[in-house]
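There are two complexes below, and they share subunit A, which is joined by subunit B in the first and by subunit C in the second.
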Partner chain A sequence: MLPFPKFSYEAPGTLDELFTLASVSGSRIVAGGTDLLPSLKHRLFQDTLLISLRRLRELRGVTIEGGALVIGANTTLRDVARDDRVAAGWPALRDACRTIATSTIQAMGTLGGNVMLDTRCLYYNQPDGWRASIGGCLKADGSVCHVAPNGAGCYAAHSADTVPALWLYGAILRFGSERGIREVALADLYGTDGRTWLGNARDEVLLAIVVPKAPAGSVVHRKLRARGAIDYGMLLTAVHRRPDGSGAAVVSALGPRPVFVEAERVEDLAAAAHKAATPMRTHAYGVGWRKHMVRVEVERALAGS
Partner chain B sequence: MPTEITLRLQINGEQVRRIIPANRSLLDFIREDLRLTGSKHGCDVGDCGACTVLVDGAPQLACITLAAECEGAAIRTIEGVTDGGGLHPIQEALHRHVGAQCGYCTPGIVMAMTSLLEADPHPSDSAINEALGSNICRCTGYTKILAAVREVARPGSPS
Partner chain C sequence: MTDDRDFHVRAVAEGGVLGGGGRGKVDGLAKITGRSVFVDDLVLPRMVYAKVLRSPHAHAKILSIDASEALAMPGVLKVMTGEDCTARYGAIPVAQDETALALGKVRYIGEPVVCVAAVDEETARDACRRVRVVYEPLDAILSIDDALSADKPFIHEWARKPSNILRKVDQEYGDVDAAFAASDLVLEGTYDYPGSTHVPLETHAALAVPHADGRLTLWSSTQNPHYMHRTIARVLGMRPGDVRVIKPDIGAGYGGKCDTFCTDVCSAWLARALDRPVKFVFEREEVFYAHRGRHRTKMWLKMGMTKEGRVTGIDFKAWAEGGAYASYGVVTSFYLGVFMTMPYKVENYRFQSHRVYTNHPPCGPKRGHGAIQPRFALELHLDRMCEALGLDPVQVRLDNLIEAGHETVNGLLVPSIALSECIERVVQASDYRAKKGSLPPGRGIGLACSAYMCGALHAVYDNDLPHSGVQLKCDRSGRVTIFSGTADCGQGSNHMLAVFVAERLGIDPTDCTVVEADTDLTPVDLGSYSSRVTFMAGNAALQAADRLRSQIASALAAKFKVPVESLVFAGREVRGAWRPIPWLEAVDIAEGHHGTLGSVGSYKPPKIGSRLKRTSVGPSPAYSFTAQVAEVTVDQVSGVVTVDKMWAAHDLGRVLHREIAEGQIEGCVYMGVGEALLEEQAYRKDGVHMTPSILEYRIPTVYDTPEIQVLLVESHDPGGPFGAKEAGEGPQLSTVPAIGNALHDAIGRWLTNPPYTPEKVWKAIKGR
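What follows is the complex of A and B.
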């Protein structure tokens, strides 16, 4: 049995209360909790205050504002995937939501939670006793990265299924804090170290994901995983085939920051992605094979576009 | 900051009010505080589906749900899957097809399939497969479970 650590719990009823609580040191937002709560059981976080979004109705639901999709951060993945407007205008986002874990987890987890998902690694996402047996890792409890012992940082992999598609759709993230509202391009949020991969300030709470009217052409999402359910991705791929013959791709689960590449001719996109991708030993699958599969997954995604 | 909360919710139609620690999981609340032990403790981290219950009609993994998050919710467990003492059609079909062997995953599967069939009484095979993907069974190989669910979803058609 894996008990939760001790923590206190608040469910604020207004955004002002939410921002005040989020400024408390040691606090963390629960938006679904399907990754956070197992991680707390594994003692990956030492938070002492969990802040629930459940009473804030304004953070749940899908609306259209001036042609853009505005999705409250606490909207479940299932509600996003079942929304007819999402399916019609941003089908790759629907497809990405439907590949996450299992249908039960899609009914619990949220889009905001997915965008802010912790980075993952074979040596990090383990119970505390397992981690203690190898002296911990750079991201938790230890000082050595077992993926790259001579490397400069933490390479834990960005694993948020919806992010490659949201990136190519040009999504904007709306954060709130006691200092006001701030919007950040999703493409600018993620950093290159797996410990500090989120660029928002600690007290800034993700309120909504704003997805502009989909660009011309077609965006397609693919997920490579061992089983048809439950698993996090070995590779997450989204491609954009543009009407002028060019293309763009975002490939993730390679490191803390998703990899973005463009090609003037869409035929060159798979080679460009393959060249840019440097899989690390963050997964239980060979890095040579995963690098090869970057090319294959981009080609498969383009074939479906 | 409160480390204890007063929780009010409905469980199998009955109103319940308890003071609980903030870090109580819904599964521990159901099994330890309410002594409803039909929901099973499997992987404890949201992978296996043995603890699946319905929260306001939607399937949820009770082991990775905070009881505190269920304030005001209506929860249904395997004990409340039917109103009276009889079996749910899914339970009857699982029994007929020998869709339960060790039985540990069965309550979670019954709840997940109940949620599926309440939303869509005649789901396609791919919808059934997708929903069953939430629940791990290490005994049956799923064939008999699928046959049971198909029989309930499409009575009279070959399974």
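What follows is the complex of A and C.
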């Protein structure tokens, strides 16, 4: 068995305690832990203080506030997917939750964890001994990016299944810290470097995902993966077909930041996405095919919208 | 072997095990209720844990090892290096090139270099990271071409005649060139079959326990306790009688646990050095480095055919990339060619293979060892020739089939074959003839056939001893204990032994206790490899059961004054006297008559086949045969291949337990689908394994597994126990070529290099 490294653990009972702990250097929030704990075992980070959200009931559950969906960050993916209101008003979010890993992971993993998911790469998500054999990488214990040795930064891929749909639904992220509550549009959270892809301050904890009343038209989610379950996406796609004939798409798992494109005519959306997409060698499947599949997946998502 | 056939037939008629009774698997309830005990479940007082530090280099000299910092850590007890245990070992006596830990140099990324024993796993692991090893990197051999190159260093420079070619095999039978000259079509083709690994759910594990009298017990997750027993005794310089190897329940092997691993040798060495029990369990990543999986094999095949579809001759060359150590590679080099002509009548055959060393994790036996790759090439090639000549692939296969009693040109004698029935049944069940060439674009159907062995005629070390031994104990409790050195690795061989004994004694398999794989308690069996257990240990069990039954029958005959021949053992009683005698009473009478009851049985394969070259490896007392049809759908835009359904008909001689046989065949098809669509042991150009996890090394999930229709076909092999043959390996041989042929039917392209990833198929479609 792959043993854990040593780590500390706290489970605060109030938000104030949570915010105090979150300001401690080296601390990390653990919700479902389905991605964080394997990474910890891979020694992707050391000397960690894990702060569990499990005692904070207020961070769990789905409510409706003024027509908007408010989902506590620690709500499991299964609870989101099973919520009738989510299914009725924001079906692409339900569909995205249902494609994540396996049903057991969906029962543990949370929506907040998915939104804040670490970027992934074939050269990063590996055990420590393996990484040592390639001298580490830019994102962990090294100085070279093996995906793009001459590139400008880290290209680890944004792999959060729910983000493309949440993006098109106009989701707002509610963060809390000792300084108070702050809301950020999900579309503004992500940066272009795989090491610093999250735009929130280090001590800001995601409390809730607010999804406004769904826009007119339809939003459809698609996931491209090698197998029928378990796998992270090779390509994540959401499209929005608007009533005025225009459309928008978010394609992800290409680089640190999901790619957003719009087209005045929805017929041009797939070509626009294809043009904007630059897959990198972060996955086992080749970049030429994955770029081809951007067009295919957007077209197919539109066909299902 | 099927003497007393009348007894048997009558027992079946009266509801014996083979007549449909006794369905419960002897170890089934323990497995599904979590009561099975695996190595990692074993906990002993004063037990400590071992972990290894692995090489970050593909090929490098070890200049120095400094473990002082690790040894200074609290909880660290011992550091072991290659110098501590220098005896070379390996699966095959003529190619023993391994040490438990790298000695002097490292030969692949992930090779064990230093082993640390500590009070817990975490400490042992952390201590490994504090050992300083200084390397001097060497030019690495990372492809077949590198290995064949004269300009590269030797991976095993210590050998008497160093070479990066472990073994080259050259064989020729008949006159291949003349056969080609007389052919209407001679077609050449090249094929490239990928390497893949086994992915047993349980990782390799060992627990070594030193005893006060100097003896040693080693619990190991192994398929071959007997070979490991010999290896451990030799490597540690102990008398074989002072070493006890026990295989507890294991979480599968698929061929990946046929070797002795560093888990075994290091835990044993450390246990003796520390005088404490030492447990060593691999992490998942380490299983990918231990490997011993399928050799990546490049192949060149030339075949001649008459316009009527008779195969005239085969010329075949294979280059197998074996990784850094020999493992069973010498056997692989033969298996690549030895089954090639079967199941077809081919009188002219030339074969050459190279099994080479490279600086990758070592390859070895994986389900269908060495025969998967050439079978893929041959079955695709047959369809290509049928296409070129406008012939029906079904008819061509039927027309070329060998018959029972046939001896192949390379000396394999085939006592039984029911492949024509297999072909007819899959063709009919799948509606192949109506569908072939007629399905809508993107959909296709394909057929392939294959043959495999039921155990090897020769042990891996030369000897004249039994290959399998079975002892039976029976007393007034009515329970029969079966002692056998076989190693059930989940395939159900324990249940098979119980079936044989129960059927002969007229009791239920669950009336038997199987004590297996304990070298102190159980008679020698060579282990679970080459699909030998049901056939060989089954015959030994039958012999032992017959002898025990004779004891009981003679006692009853004397007491009830009836002829022995009139007694029938069935339904937990003995019939044929003036009243049925309940089993318990029968045993009681026999124990009173003879004293303590017990019997032994053994099996040694007959020496059959005449034309065989003495150096050859591969002849078996019997062969199993398979025909499969695959139906696929190809998404022509994305290149994604879906296997919609597989039909698998397997000639297994005799059905001993329907569900277990079907499960084995489904498992074969499942693994074949993985190799066809998803799996590849892939390395970066510097030798780094790119996917050493079960997240990124993708085996099929339930969603990726097609519906599988299994059709069991019986040929009643004259040497098989109750006529049975193997069912756990052979059926995998047909799966990938059936899918490859279906793919051609779907998209009109021959894809000669699985796995059929969407990217590859998309490129093939684009190139059309």
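Note that the second predicted complex is superposed on the first by the 304 of 305 C-alpha atoms of A that agree within 3 Å, B and C clash if a C-alpha of one lies under 4 Å from a C-alpha of the other, contacts with A are read in each partner's own complex, and residues count from 1 in each chain.
Following the convention adopted for this analysis, contacts are C-beta pairs under 8 Å (C-beta built on N, C-alpha and C of every residue); 3 or more make two chains touch, one makes a residue touch a chain.
Predicted model, so just to flag it, every value in this text is computed and none were measured.
**Q** For A:Ala229, is the partner it touches subunit B (first), subunit C (second), both, or none of the two (neither)?
**A** Touch status of A:Ala229: both partners.
**Q** A:Cys97 contacts which: subunit B (first), subunit C (second), both, neither?
**A** It touches nothing on subunit B or subunit C.
**Q** By the touch definition at the top of the document, which applies to A:Cys121: first (subunit B), second (subunit C), both, or neither?
**A** In the superposition, A:Cys121 contacts neither subunit B nor subunit C.
**Q** If we overlay the two complexes on their shared chain A, which of subunit B and subunit C does A:Met1 touch? Say first, second, both or neither.
**A** both
**Q** In the superposed arrangement, does A:Ala81 touch subunit B (first), subunit C (second), both or neither?
**A** neither
**Q** Please indicate which partner A:Leu49 is in contact with in the superposed arrangement: first for subunit B, second for subunit C, both, or neither.
**A** first
**Q** For subunit A, which residues belong to both interfaces, subunit B and subunit C?
**A** Residues 1-6, 228-230, which sit in both footprints.
**Q** In the complex, go through subunit B and note every residue touching subunit A.
**A** Subunit B residues touching subunit A: 1-3, 5, 21-25, 41, 44-47, 49, 52, 58-61, 64-66, 68-69, 71, 112, 130-131, 133-134, 136.
**Q** Once bound in the complex, which stretches of subunit A touch subunit C?
**A** Residues 1-6, 122, 125-130, 132-134, 226-232, 284-286, 288-289, 292-293, 296 of subunit A touch subunit C in their complex.
**Q** What residues of subunit A sit close enough to touch subunit B in their complex?
**A** 1-11, 24, 30, 33-34, 37-38, 41-42, 48-50, 52, 54, 78, 102-105, 107-108, 228-230
**Q** In the complex, go through subunit C and note every residue touching subunit A.
**A** For subunit C paired with subunit A, touching residues are 40, 53-57, 109-110, 121-122, 125, 129, 281, 283-285, 637-639, 678, 682, 684, 686, 688-693, 695-696, 698, 700-704, 757-759, 762-763.
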